[in-house]
Amino acid sequence: MSPSDQVLGTSVEAGGATGGDWVLHPDRALPAEPGVRALAREILSAVSDLPIVSMHGHVPVEWFVENGSFGNPAELLVVPDHYLVRMLVSQGATPAELGVPTRTGSGVTAEADPREIWRRFCAGWHLFRGTPTRFWMETELVDIFGVTQRPSAETADAIYDRIQAVVDSPDFRPRALLDTFGIEVVSTTDPAWSDLAQHHRLAAEGLGDRVLPTFRPDAVLTLTSPTWIADVARLGEAAGVDTGSYAGYLEALRLQRERFKAAGARATDHGLATTDTTPLSDAEATRLYADALAGRVTPEGSTAFAGHMMFQMAAMAAEDHLVMQIHPGVLRDHDPAIAAAYGPDKGYDIPLAIEFAHGLRPLLNAFGHHPGFRAIAFTIDEDTYSRELAPLAGVYPGLKLGAPWWFLDAPDAMRRYREAVTETAGFFNTTGFVDDTRAFCSIPARHDLARRIDAGYLARLVTEHRLDLDEAVDTATYLAYRGPLEAYAELAS
Amino acid sequence: MSPSDQVLGTSVEAGGATGGDWVLHPDRALPAEPGVRALAREILSAVSDLPIVSMHGHVPVEWFVENGSFGNPAELLVVPDHYLVRMLVSQGATPAELGVPTRTGSGVTAEADPREIWRRFCAGWHLFRGTPTRFWMETELVDIFGVTQRPSAETADAIYDRIQAVVDSPDFRPRALLDTFGIEVVSTTDPAWSDLAQHHRLAAEGLGDRVLPTFRPDAVLTLTSPTWIADVARLGEAAGVDTGSYAGYLEALRLQRERFKAAGARATDHGLATTDTTPLSDAEATRLYADALAGRVTPEGSTAFAGHMMFQMAAMAAEDHLVMQIHPGVLRDHDPAIAAAYGPDKGYDIPLAIEFAHGLRPLLNAFGHHPGFRAIAFTIDEDTYSRELAPLAGVYPGLKLGAPWWFLDAPDAMRRYREAVTETAGFFNTTGFVDDTRAFCSIPARHDLARRIDAGYLARLVTEHRLDLDEAVDTATYLAYRGPLEAYAELAS
Amino acid sequence: MSPSDQVLGTSVEAGGATGGDWVLHPDRALPAEPGVRALAREILSAVSDLPIVSMHGHVPVEWFVENGSFGNPAELLVVPDHYLVRMLVSQGATPAELGVPTRTGSGVTAEADPREIWRRFCAGWHLFRGTPTRFWMETELVDIFGVTQRPSAETADAIYDRIQAVVDSPDFRPRALLDTFGIEVVSTTDPAWSDLAQHHRLAAEGLGDRVLPTFRPDAVLTLTSPTWIADVARLGEAAGVDTGSYAGYLEALRLQRERFKAAGARATDHGLATTDTTPLSDAEATRLYADALAGRVTPEGSTAFAGHMMFQMAAMAAEDHLVMQIHPGVLRDHDPAIAAAYGPDKGYDIPLAIEFAHGLRPLLNAFGHHPGFRAIAFTIDEDTYSRELAPLAGVYPGLKLGAPWWFLDAPDAMRRYREAVTETAGFFNTTGFVDDTRAFCSIPARHDLARRIDAGYLARLVTEHRLDLDEAVDTATYLAYRGPLEAYAELAS
């Protein structure tokens, strides 16, 4: 069989030019070398059916409470997916043309016809070649929706109709999909002032162990945030504490953390711009807080206060044992005109060079050996993997490395992650994959891809006689399932 | 067949120790794994005969105007090739010994005997093992000059004679070689004050669409340049505008850009030290300009003015639609003694860590969505690929990623480029290979190598079932040919 | 044979779950692809028996002088190995539990039972999966100690007894092991004030060419070091010069360098925090020195003085021709509580982002072309490989690149090193592997691993027709043996 024949075989299976059915190849994303691939397949088979533990994500809790229909293909698959929208925007589409809701007064109107949005996506299918969006979407379209044709301008309408039919089925509801997708537990992200009413409703309906809240205080830690004064007031109301003083503010945070924990939360989530964790004196923190309430805030003061509060969050974590997720280093909303027209978080967040060794030093010196403390660090600056993060996680018991995250949850990037961190931090100082997505239907595909890449990496170690097969299989199950469970498990005090 | 036999087979073909003829293996630089290699060969076959589009390079326009002989092997292949000279210098040769022209008064005399220079290169052949120079030179020697022996002290003279015979042939002239090499279009680099007389001569002789000028204003944007005052005067003369004022200076730049565009230019070229693009107030820019003309300039003022002028260049680009090539982050002339003896750009340019997210923000906020604007960013700091450049190019329609450039146009570095940028920016936000060289005879070899690496990368994606073969072939033709054509095509306003 | 059978075969050999004997696979750490592997095996066979040249390490000279017993398995293999201790600490053990000696008054007591320490290591064997510790230790246990079982809680005692029996054998002494391990020459690290009495004793006993001192002046170059005043006094005493003045201090350094050289030293060793090499005026240096002696020192002054002294060290090197090893960029003793309890250098050293292009510029401008000068740069910030180090070493004859060092002397990291530096700096501007370890028994395993990785890299180049086999074999012998010998050989003045 000529290579061309081999490929046409592949191509036929994958719905290529020759037009056969579009099916998923069992070896997708496994290493090319046949010996390594065979081992990878064997390792993968041990983990591919394990439940999904999704401890860091952004699926809205309302979806599970309301348990309603997902609407239409555009609303479900295009509009909420930043990866997808940003790629089409980079090639000339506007977010509005892709249905991204606009702000009142922006003068821009979002496309109202979901079919038109879907057509724009399908016509741009070639743009996703080589990206994870291509992999995830292919998996979703085939596995979840039974699509049999490669997306294109020509096939857009037929695919739309096929997806719509599935979406309209009564089984295609968020709660049922937890079972369909094999999701054992999923975490949402909730503001520090949340009353967690939605989570309580879920708990009352028996989903309390399955959909967990996560405490995200960024907004109330950032003095320069335009909504900071309102947000700390909301925090005070939620906690039933007057946040008019710094002491009250700390107390409110402490009480809300307790409330989150009681509602099942396992973790807090911190996405500040820098890694600084230097504590201030109580007097200095009190002064900065009072000044901010009075509307007097400088960028330097805000940065210092944020670093101080990261230290306070760690101190509280050492007491209440909520796991501290740290993912710094993003320049949010790089284009202010886009933010003005569409609001924040519209795909214009750009990674920055980041520093961990000095930044986390105060926090790690104080709590890095505390038996009740655990921090998990994520980064989108790959340079820090082998230079700072693996060396830090490879010695401090209180620091673990999160998954290859955001922009880096792609096949080659995930491989580079393992290659860069394992030799210094091992496997057991990493915490397994998290999907970090609000694209609900992509969750199984994302975990599947991560498991394939880890299987491939482990298979290579076995082939290079750096690991035995039984160890590889055990490690794969740790990375796919035990790791995230253990990383977010309650710590003994 | 034992591995040794296999290798000796290879070695014989490649003129190894067993002394057979030195020929080029058809699979050179393709991936090792046989399945991937077979696919790579198939993908490569679709692009290996496509014309060369060389939109960023440094071949002197005079060569095409004069269309004379290239002289001798040393003058043609050694002296103008920085990669080659710097490696021999790193092992103890002086630039003078390799024929690099010296400055009057330097007290150093360049080797005058081209055969002696050639011998030094051949005796150092082993130093290039594993470098792209080895690959390019091997391709050139075999393909262009019909050399059949591996270079060494022993074979130097015979190879010299062989090359000289080819160089002396009447067909071996710059214009004819455009056809021989399959070069459809080649860009030169020209100072902002050029009258483009040479390009007009070429146009008159029918080469106007084939050899294009590029507008390079670095010298007149850098207040601290020792020749800045003279250079802005030259700019004024060329444009017929008095550059004694900031307004006149802007007008002169605008007029010269127009003149370049009328002469066929598609792009401007910017190689400043930093990425800053922050505009100043008109008053501040006027003041800095006047001060500089009066000889009062500070490093801070010069840096601020350069950033401001990058913003102005972008503003002009949005009007005249010349593509803006940005390649910052090089510490030029690291050794001042070498610069004093030989002049600038003698292989002592060293990459620096660079930052794009903040630096390009003013420019991208202002023009990144402008339909008449396109910037292409190049870097030699690989760390920025996945961290900043791919995320930026993956969302701003006005920013594309240039080729792996300078130091990074080597096999493994080009692979890393695709692996680092594709998953976030895709293929179609990259603009295809440019050779960026003044080593004219290496142009086909450089493009050939880039096509091989891209074919290998695409073949791996196909083998991993992340891409179908028809898509890989289409993508390869984009990267090799359509990409650079489209990237530098006239933008609609 | 199914992949599972293949693996079980492997697994049996490696003492996997099926419980067979634990032996070393001849292809360990060679590339997975069978064609490349076969070539790698052939290249490796040419170098695997070459003597070990270990020009940068930390084995205490006392071991060779005393030539005593290594005590017990914990003392020999666990306590002195930072890699090993830090991994177990990251998973909850304390250094004391692993036998790391504590400081008086620390209130912590080190585990006194070596068997208990060994059990803790064996019980944590799985933590080392994918790390170089796993590879080295496996090699040592099988090759040196004849262990036939994979370490675990269950096998710990039997393995302990087996190792103890070997350690107790009269042949298992440092000097004899130099032969057993095939170590041709090994360098120790010695403070600037050493009287080298131990080395003189070794010389008198015929080991003068085999165990060489290395001059390490960090402590006396760092004004902020808490022991600086005492250390410069010690330096003065050793040199017989009054270091009460800056001039005397320089003279003492010069004399001690001479003494080291006379005792066989080939190199100096510099591990400062930054790369700065900017010389100060003599007056400024004199002032900073006098101030420091008077107890007045600022961090800025100390940093400036250290940069100045690096320049002075280079100036002396250009005269006495000791090779200057530079390995900056480490944040030492990240956790002060650990340093207080156990002393410095206990696995809490964390790499920092580092800059070479500006930092080394003064030094390279002054001495980079001096025929009597050679510097070798090491880094643990991989980002600098292709961006700064390879470009600098690829042009300055006085600068070579050291081995992938500390944290990066692991299989994938060593591969990345070759891939990142070779294309710009070639092979012959790199100096071959150094082990940089005080874990004496790991030296053969570390060199063996480095040779395997280099063989694999070279085999890939041959398979990709980028190198001929005879060249690959010659290069491998350079990297394994000739390289370090030449790099540290006496330079002609």
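Labels for the chains are A, B and C, by order of writing; each one numbers its residues from 1.
Rule of thumb we're sticking to: contacts are C-beta pairs under 8 Å (C-beta built on N, C-alpha and C of every residue); 3 or more make two chains touch, one makes a residue touch a chain.
If you want to know which protein each chain is, UniProt gives these names: A, B, C = Uronate isomerase.
A quick note: this is a predicted structure, and the numbers were derived from the prediction, not measured.
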Common touching chains of subunit B and subunit A: C
For subunit B placed onto subunit C, the superposition rotation in degrees, Cα atoms, nearest 5: 120
Mean-CA-position distance for subunit C and subunit A (Å): 39
Touching two or more other chains - residue numbers and ranges from subunit B: 31, 33, 353, 383
Partner subunit C, residues of subunit A touching it in the complex: 31, 33, 35-36, 38-39, 41-42, 353, 355, 357-358, 361, 364-365, 368-369, 383, 386-388, 390-397, 418-420, 422-429, 460-471, 474-475
Interface residues, subunit C side, partner subunit A - complex: 2-4, 6-8, 10-11, 14-17, 25, 27-34, 86-87, 89-92, 126-132, 134-135, 150, 331, 334-337, 347-353, 380-383, 407-408, 410-413, 416
